[in-house]
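Structures follow.
Here chain A shows up in two complexes: once beside chain B, once beside chain C.
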Partner chain A sequence: MSRSSVYAIDIALVVLGIVVVWQLLHMGAGDVAISSPAATALRAGELLLSDAFWPHAAETGLALFYALVIALMIGLGVGTLLGGHRLSGDVAEPILVALYSLPKITLYPVILLVFGLGLEAKVAFGAIHGVIPVTIFTMNAVKNINPVFLRTSRVLGMGPMQTATHILLPATLPEIVSGLRVGFSLTLLGVIIGELFASHRGMGFLVMRAIGTHDVTTMMAVTLLLAVAAVLIASLLLYIDNRLHRRV
Partner chain B sequence: MTGEIHAHLTRVTRVYPAVAGNPPVHALGPIDLELRRGEFFAIVGPSGCGKSTCMDVLAGLAPPSEGEVSFEGNPIRGSVPDGVGAVFQEDASFPWLTVWDNAAFGLRRQGVDAAEIRRRVEYALGFMGLRDFAQAYPAQLSGGMRQRVCIARTLVLQPRLILLDEPFGALDAQTRLLMGDELLRLWRETGATVLLITHALDEAAMLSDRVGAMSARPGRFLETLETGWPRDRDSSMLEGETFGHITGRLWQLLRSESQAAMGHHPDAAQGGTRREAG
Partner chain C sequence: MTRLAWIRLAIVLGAFAALEWLVQSGRISTHTMIPPTRMVTELWAILASGELTGDITQTLGNVAIACLLSVTVGFVVGAGIHAIPRLRRALDPFLTTYYAVPFFVFYPLLVYIFGMNNLPMIAIGFMFAVVAMIINTLNGLDKIPRVYDKVARMHQMSRASMALRIQIPAAAPNLFTGLKLSVAYAFIGVIASEFILAPGGLGYAIAFAYDNFDNETMYALMLFILVLVTAINMTLHYLEQRLLRRQGF
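The block that comes next holds the complex of A and B.
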C-alpha cells in the first residue's frame, strides 16, 4: 500500500472517530445542546447554497486576509530587525513572550473604542493575535541563521540586497512559514472572537445570532464550516512547512 | 622553491576588541607570509592559535589591526578580492538548493550566461564525483559529499587563490585522506595557489609544498618547512620515510605550543625556552 493511501486512510479514520464521538455526544445531550452530525451537515449545505450566507463568509475572509497581511508585515519587519540586532532581540524576547501569553480578549474593549464596531476592529484584533508568533519565529530564524552562510555570501562578493534575497530569505523561510502557520490559527481566532462579541456581520456574528434564537443546528453548522476551512488552510501550511523543513 | 609572490601578509596583527567587559584578544601576529603563485601552502598550529584569523585576514573577511595584506599586488581592504575562493570547516552548502544549484549559485549571482554555467557546473560536479547526485539536496548527502559540494561551488568560479579553513575537519580519517587526494588533483588541474588551514599534521605534510607551523596565541610562524614533494603526488606519500620526518619535525615544533594552548606550561616543567617567531 502506498504512503498516500495510508495517509488517506488515517485521515478517514480520524474523521470517522470525530463523527462517532459527536454522534454519541448528541445522543447524550440531545438536540437542545448538540445537533447530530447529519443534521449539522445538512444545515451547512443549506447555508452554502443560500445567498444570505456568503456576505458573512466574505466579511470574515476579508477581515482574516487583512489581519494576516498586517501580522505578517509587522511580524516579518520587527522580527528581522530584532533578529539582526542581538541585544535588541535579547531584550525584546521576554517582552514578546509575556505579551504572547497575555489574554488579548482584555484588550478588546480598548480596540472597540479606538476602531468602533466594524471590519477595522476585527482586523486589528486578529492582527494582534497573529503578529507576536510571526515576530518571534522570524526573530529566532534570523538570529539563528548559520553564520557560515553570511561568510559565504561575502566570499561570493554578494551585496546586501543579494544576500537578503538569495540567502537570508530562503534560509529563514522554513521558520517563517512555521510562524505563519501558528499566526494563521491565532489570527483566525482573533477575528472570530471579534465577531462573536461585537459585530454586525461575519461568521462569528452568525454563531451569536443562532445562539440568540437558540438555533443549535445553525450554530454548529457555521462552526463546522469554519472548522473545515481552518483545517484545510492549516493543512496546506503544514504541508509547505514540512516540505521546507525536510530539506534542512 | 621560488616563484612569483601571489599573496602577501606584511607585519600583520589582528586584535579582537574588548567585548562585554572582557579584555581585547590579541589573536594573531605580527606575522609575515608570502604565498607563491601555484604553490600549496598549509598552516598548522594548536587550537585557537589564530590560523583561521590568518585566513580571514587574507580573504578580506577581517581587516588586520596592523600591517598590510595584498593579493596579486593589490592591497586587500574590507572586501574579498576577485579571484579568491574560500571553503570553510562548517557545512556551508545551502540546504534549500539542490547540489546542481548549489554549485551554480556563485556563477548565477555574477550573471554568467546559462550555457557557460552549465558547462562549468557539469565539469565541477564530475570532477568532485557528484554528477549522480546533481538533483539531490544536501540533507540527503554525507558530510564529505556536502564539503565536496562547497568545493565545487568554489571551483566553478575558477579562483586563482583557494583558501581552505579545515575543510575536512569534521570527516573521518579515511575520508580525509581520499578528500586530500581529490584536493591535490584539483590543485594540479587548476594551477591555483592553495592555502590550507588545518590542525592535522599528517594532512599538512602530505598535501603541501610548504608548511608553516604556528605558535599558540597570538599566532606567529615558528618555522616554515619545505616538504620537497613532486607536484604529481597523492596519499601514497604517507608510506615514505620523508613523510615521517616532516610530521616528526612539525610535532617537535608544535608539542610545547599545543601544551601551552591547553593551559600546560612546558617551560616550567622541562626548563625549556619557547621559540621566537620565525
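The block that comes next holds the complex of A and C.
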C-alpha cells in the first residue's frame, strides 16, 4: 500500500474513533443529554434541505466574512507599519501579545453598548478576536524580510507600488496566510459567541433556541454542521499554508 | 526599567488619559463608557467592601483547576501521541483545526448534564486549554536532537531518568509556552462560561451589572480582569525569560 493511502486509512480510523466515543457517550448519558451520531447526522441532513436554515447560515457567513475582511485590512496595515519600523515593533510586540491572551469576552458588553444588537456587534466582536494574530504574524513577516530583497528593489529603481507587489507581498505571503489561519479560528469563535448572547439570527442563535426548547438533536446537529464547515475551511487554509511555506 | 519598557508604559498611560479626556469632555457618553479614574475608585470600593470576594475566589479557583488538569493531561497525552508516529500523523490535522470548532456551544449542554455548579465551567476551560498543551508538548519533543538519545543510550540511562534528565529539560521552552497558552485559554473558557450561565463568578457579575445598567460595577470588574490577566502574563513572561537564559538561548 502506498504512503498516502495508509494516511487516508489512518484519518478515517480517527474519524471512526470519534464517532465510536460519541456513540458510547450517547449510550451512557441517554437521549436527553447527547443525541446519537446517526440521529444527529439525520437531523443535520434535514436542516441542510430545509429553507428555514439557510438564512441563518448566510447571516453567520456574512458576519464572518465582514469580520475577516476588517481584521485582515487593519492587521495587514498596522502589521506592515510596525514591522517596517524597528523601535515601534519592539515596543508594540509585548503589548500585542498581552492583548492576544486577554479574555476578550469581557469586553462584549462594551461592544453591545457601542454597536447595539445586530450584525454590527457580531462583526466587531469577531474582528477584535481576529485582528491581533494577523497583526503579529504580518509584523514578524515584514520584520524578517531578507534585506537583500529590499536593496535589490532600490538598485533596480522600483517604485513603492512595484516594491509592494513584487517584493513585499510574495516574501510575506506565507506568514500572512499563517496569520489568517489562526485569525480565522478566533474570528469564527468571536462571531459565534456574539450570536449566542444577543442575536435573533445566525447559527449561534439556532443553537441557543434549540437549547431553550430542549431540542438536543437540533442543537447537536447545528454544532456538527458548524464544526464540519470550520474544520474544512481550516484544513484548506492549512493546505495552502503548508504549500506556501514549502515553496519558499 | 529599559527604555522600551518606559515607552510602553507611556503608551498605555497615554491611552488611559485619552479615554479619560474623551469621556470627561462628553465626547463619549457616560451611558457607554465611564472615565478610567472612576473605574479605579469604583473597583477600590468593591474590593474594600468584600462583596465580590466570593465571585473572585470562585473564578480563580476554577481557572486554577482547569489549568492544572489541562497541563497534566495535555503533557501525558502529548507524550503518548508522540510515542506513536503513525497516530500522531493522523491526528495532526485534527489538532491544528481544533480551535476552529466553537466548543463553546457545548456549554449549555454541560450545564444540563452536570447541573448548575463549577464542573461545566472547569470542563469548558479544560477543553479550551488542553489542546494547546498537547500541541506544544509535541513541538517540544520534536525539537530534541537525535544525539541526546544516543548519549542517553551510551550512558545506559533508564526510560524514567531519560525522561526526567533529558527529554523534559530539552522540551522545557515549548512546555512553558504550552503552560502560558493554557492559562490564557482557561481564563477565556471559564469567564466566557460565567457570562452565559453560572451560579456566580466574575463573568457572571459583569453580565449581571450589564443587565442592570450598572456601568460603574461593570467597568470596574472589567478593569480588574484586564489588570489581573496582564499581571499573570507578565509574571509568566518573566519566568520564561529566566528559563531561556538559564538554557543559554
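Here is the rule we use: the second predicted complex is superposed on the first by the 242 of 248 C-alpha atoms of A that agree within 3 Å, B and C clash if a C-alpha of one lies under 4 Å from a C-alpha of the other, contacts with A are read in each partner's own complex, and residues count from 1 in each chain.
Throughout what follows, contacts are C-beta pairs under 8 Å (C-beta built on N, C-alpha and C of every residue); 3 or more make two chains touch, one makes a residue touch a chain.
These figures come from a predicted structure and were not determined experimentally.
Determine, for the superposed arrangement built on chain A, whether chain B and chain C clash or fit.
fit
Should A:11 be classified as contacting the first partner (chain B), the second (chain C), both, or neither?
In the superposition, A:11 touches chain C alone.
Anyone got the angle at chain A's C-alpha centre between chain B and chain C, nearest 10 degrees?
Vertex chain A, arms to chain B and chain C: 90 degrees.
Considering only touches as defined above, state whether A:189 meets chain B (first), chain C (second), both or neither.
In the superposed model, A:189 contacts chain C only, not chain B.
For A:211 in the superposed arrangement: first (chain B), second (chain C), both or neither?
second
Pick one for A:157: touches chain B only (first), chain C only (second), both, or neither.
In the superposition, A:157 contacts chain B only.
Give one of first, second, both or neither to describe whether A:167 is in contact with chain B, with chain C, with both, or with none.
first
Between chain B (first) and chain C (second), which, if any, makes contact with A:101: first, second, both or neither?
second
State whether A:48 touches chain B only (first), chain C only (second), both chains, or neither.
In the superposed model, A:48 contacts neither chain B nor chain C.
Looking at A:29, would you say it contacts chain B, chain C, both, or neither? Reply first, second, both or neither.
A:29 contacts chain C only, not chain B.
More residues of chain A are touched by which chain, chain B or chain C?
The partner making contact with more of chain A's residues is C.
After lining up the shared chain so the two structures overlap, which partner does A:21 touch, if you call chain B first and chain C second: first, second, both or neither?
A:21 contacts neither chain B nor chain C.
Look across chain B and chain C in the superposition and give the shortest C-alpha distance you find, in Å.
Distance of closest C-alpha approach: 10 Å.
Is there a shared patch on chain A that both chain B and chain C touch, and which residues make it up?
No residue sits in both footprints.
Can you check the complex and tell me which residues of chain C touch chain A?
Where chain C meets chain A, its residues are 4, 7-8, 11-12, 31-33, 86-87, 89-91, 93-94, 96-97, 99-102, 104-106, 108-109, 112-113, 180-181, 183-184, 187-188, 191-192, 195-196, 203, 206-207, 210, 218, 222, 225-226, 229-230, 233-234, 237.
If we count contacts the way the header does, which residues on chain B are in touch with chain A in the complex?
The contact residues of chain B facing chain A are 59, 61, 79-80, 82, 84-86, 88, 90-92, 94-97, 105-106, 109-110, 137-139, 157.
Which positions of chain A touch chain B when the two form their complex?
Per the touch definition, chain A meets chain B at residues 146, 148-149, 151-152, 154-158, 162, 166-167, 170-171, 173, 244, 246-248.
Please output the residues of chain A touching chain C within their complex, sorted ascending.
6-7, 10-11, 13-14, 29, 32-34, 87, 90-91, 94-95, 97-98, 100-110, 112-114, 184-186, 188-189, 192-193, 196-197, 204, 207-208, 211, 216, 219-220, 222-223, 226-227, 230-231, 233-235, 238
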